[in-house]
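Pasting in a structure now, in structure tokens, and then I'll have a few things to ask.
Chain IDs A, B, C and D follow the sequence of writing; residue 1 opens each chain.
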Amino acid sequence: MSESTQIKGWSREEMAQRLAQDIPNGSYVNLGIGIPELVARFVPKGRTFIYHTENGLLGMGPSPAEGEGDPELINAGKRHVTANAGAAYFHHADSFAMIRGGHLDLSVLGAMQISQTGDLANWSTGKPDAIPAVGGAMDLVAGVKQVFVMTQHCTKTGDPKLVEACTYPLTGRGVVDRIYSDLAVIDVTPDGFRVTELCPGVDFKTVQERTGAPLLPANE
Amino acid sequence: MSESTQIKGWSREEMAQRLAQDIPNGSYVNLGIGIPELVARFVPKGRTFIYHTENGLLGMGPSPAEGEGDPELINAGKRHVTANAGAAYFHHADSFAMIRGGHLDLSVLGAMQISQTGDLANWSTGKPDAIPAVGGAMDLVAGVKQVFVMTQHCTKTGDPKLVEACTYPLTGRGVVDRIYSDLAVIDVTPDGFRVTELCPGVDFKTVQERTGAPLLPANE
Amino acid sequence: MIDKRLPSAAEAVADIADGSSIMIGGFGEAGSPIELIHALIDQGASDLTVISNNTGSGQVGLAALLKERRVTKVICSFPKTLNSTVFPELYREGFTELELVPQGTLAERIRAGGAGVPAFYTPTAVGTPLAEGKEPREFNGREYLLEYGLTADYALIKGTVADAHGNVLYNKTARNFAPVMATAAEITIVQAARVIEPGDIDPETIVTPGIFVDRVVQIAEPVHESELIAEGVSYP
Amino acid sequence: MIDKRLPSAAEAVADIADGSSIMIGGFGEAGSPIELIHALIDQGASDLTVISNNTGSGQVGLAALLKERRVTKVICSFPKTLNSTVFPELYREGFTELELVPQGTLAERIRAGGAGVPAFYTPTAVGTPLAEGKEPREFNGREYLLEYGLTADYALIKGTVADAHGNVLYNKTARNFAPVMATAAEITIVQAARVIEPGDIDPETIVTPGIFVDRVVQIAEPVHESELIAEGVSYP
């Protein structure tokens, strides 16, 4: 698992681009803070996605030009954003009614660990001195129709993020549908992780070596 | 109880006027369909009441001139109304959140029966062939801070409406605070009905004869 | 491009199947989506469950749908109308079943259904015949009843202005049940007097965000129940 | 005449007693009622329970109230901020207790508190450490948790426009928790940049109806947290 060969997987931008291809036109999408936000840059031609930010905006647009932001028009990551034509503002209870009520088509989130049964851990290391902070992550995974995870395949120290069972505190149980890592696209199936697509130049064995649970090959 | 002497009690307008005197300035008030609507005509000088109609308007104003109504600006009785300066429209869940959440100061309702413990029956005769229809009455009595009942003291056939225990299906249990009838103003207290004020020209004995439960005299 | 517009009420309701549950906006005639209801009458679906505050007036709109014997159950707070005998007759005959729900509980159950809340507690109806069969529970010394979220296959609602993304504005007290029904139905169909482009409605003022709306039909001059009744109309 | 206006933030918060529970609007700096919070710092009440999504930034606003050791408990979804160590230090020291609530559950608990719903079920947090001690129950084969409505003695919120009846409009995503907090507090205090006469706001566009608001103060040019932090301000 700690093989030191340098593998050149997808860049973050390529991961975002690959993921964006799987989002149907007209989808209502919530992009988590951080890497998932990159997805908005790669909307395939001819499609429109409507972005929801849980702090109260549907129809979120790109960041404004430097210095032109409104401190009261921000996203869940507290960054300045804009509102597209057709946008709507609403309060938090209404915003999370959208989430919990299953009205959003897709949530894209980062991850610390994902288990082979789709458990997700992405909010806390569980260390005794950590300040616990959960935000809307538990609501998103409990409510949104599909949950995609976008993540480096391994941690910075080389540990696998895809595991048999999460050791970090869970965000949700059995909630992840699909993982887009730098090495592969992997579905969470009733039989466990299944590799749907490999990054060009990366082979199955390499991905398996960096994964803490058995991988199934793509359906033939 | 069936004494046939003609008693000249308060008229409906006088009942409404008497009741209105007990509403503090600035109160948020829901007036039930029918006789309670008369209260709006008798707002004491120097006071402002804000009327809530459960179909989605706070700041309801008087009926418009004949022929000038908007079929989509109506009250709970489905009559054309107007909106005063400072009014707000909202949906039904928000409207009943106001009611259930205890935000309204006063609900004025009609009654078929009121028990000495404050039970109210005002929605159904309970007859097997009756079409049951409850509307917002149960929500109002369960949620509004104070419930005043405005009613003729007896039914058209001379039966008392104030009783030891209601025989009609209840709208709510222990919910009525005060009754304004054509004969008296009566509080519902932990000890039962207490006459607070008699209509001029009507004596205690007369009211007691027309009441199906013991009455207490006003506190001396 | 996202465009939820359809050219006619007939097309908007075309796929409603027999046995569907349908939330219908309106309190009395305010907010009643008459043109959508009439399209549903023309369409023919039967054995419907209708969730609506009332049961209609005269022999048009919701009352007409009932009269055509297309509704086998209503979930409703006030199924009595001065000028309509349609529901009482179907109810006494045993053709249409009634689930009577207090008005605020009805609104809250629909909101809960749309908000992913399967059940909640309410003080409404405690101690009354409508508490029968409901699970009681005490919180802080007061008794409450457990009520369940309510969802439906379709919602038919009426706005004044809508855009191609499905954002909706309403007229005065015609708003009533529509915003919560829009959230609780699998497919929400809106008729609006004006249908405009996204961006033409101030995002601060939108009452129903487009995420809750699936189909939008322009009905430029919607009729009112009371006008039809005054003219003696009986639909179809 | 109904007039809920008060001349200053100081007068608006004057009666807040030690030990009060206070809901404070805002998500990050958007919607944070800084002038009301600073007036509360000046006023001196301590042993407060604060219900707010975050714990503030820098050493102004909510973070400053915490730093002054006036808050012994926070009910919060995200008490971490890049540029503030105030809460982490008080938490590690054991001075300020934390009740961590998922953001949507926090919003829904506040809404329930304001809507007279004592408790409801939610799928959020099932199977996680935040489910500990919570009552589970299955509906339609899925597991949910029982959550309780949340109320407070006071709510401090920020609008853009308010009228003398207490009707309020908000600016963009500054709306966030304010409309539900306004419903759930015994006394709701609003600061707004413009305070106008009743009737000057279109009744179709009002977000918080005046029934939920008790006091209105005009703060014509509210500061933003980020500006104060950029200037190195530490309040008081």
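Side notes on the structure shown:
We adopt the following convention: a residue touches a chain if its C-beta (ideal position, glycine included) is under 8 Å from a C-beta of that chain, and two chains touch if they have at least 3 such contacts.
Everything numeric here is computed off the predicted structure, so don't read it as measured data.
Considering every other chain in turn, the ones in contact with both subunit B and subunit C prove to be D. Look at the CA centroids: the one farthest from the centroid of subunit B belongs to A. Contact tally for A-C versus A-D: the pair with more C-beta pairs in contact is A-D. Measuring from the averaged C-alpha position of subunit A to that of subunit B gives a distance of 56 Å. Between the Cα centres of subunit A and subunit C there is a gap of 36 Å. Distance between chain centres (mean CA atoms), subunit A to subunit D: 29 Å. Within subunit D, contacts with two or more other chains are made by residues 108, 111, 115-117, 122-123, 170, 172, 204.
Along subunit A, residues 57, 83, 89-90, 96-97, 99-100, 142-143 each make contact with two or more other chains.
Chain contacts in this assembly follow no simple pattern; the graph is neither a line, a ring, a star nor complete.
Counting only pairs that meet the touch rule, the chains in contact are A-C, A-D, B-C, B-D, C-D. The part of subunit A that touches subunit D in the complex is made up of residues 53-57, 70-74, 78, 83, 89-93, 95-97, 99-100, 119, 124, 126, 129, 131-139, 142-143, 169-174.
Interface of subunit A with subunit C (complex): residues 25-26, 28, 46, 48, 50, 52, 57-59, 83-90, 96-104, 142-143.
By the touch rule above, subunit C contacts subunit A in their complex via residues 1-2, 111, 113-117, 163-165, 167, 183, 197-199, 203-204, 206, 209-212. Against subunit B, the residues of subunit C that register as touching in their complex are 27-31, 53, 77-80, 87-88, 91-92, 98, 100-108, 110-111, 122-130, 170-180, 207, 224-227. For subunit C in complex with subunit D, the residues that touch the partner chain are 108, 112, 115-123, 139-140, 142, 144, 148, 169-170, 172, 202, 204-205.
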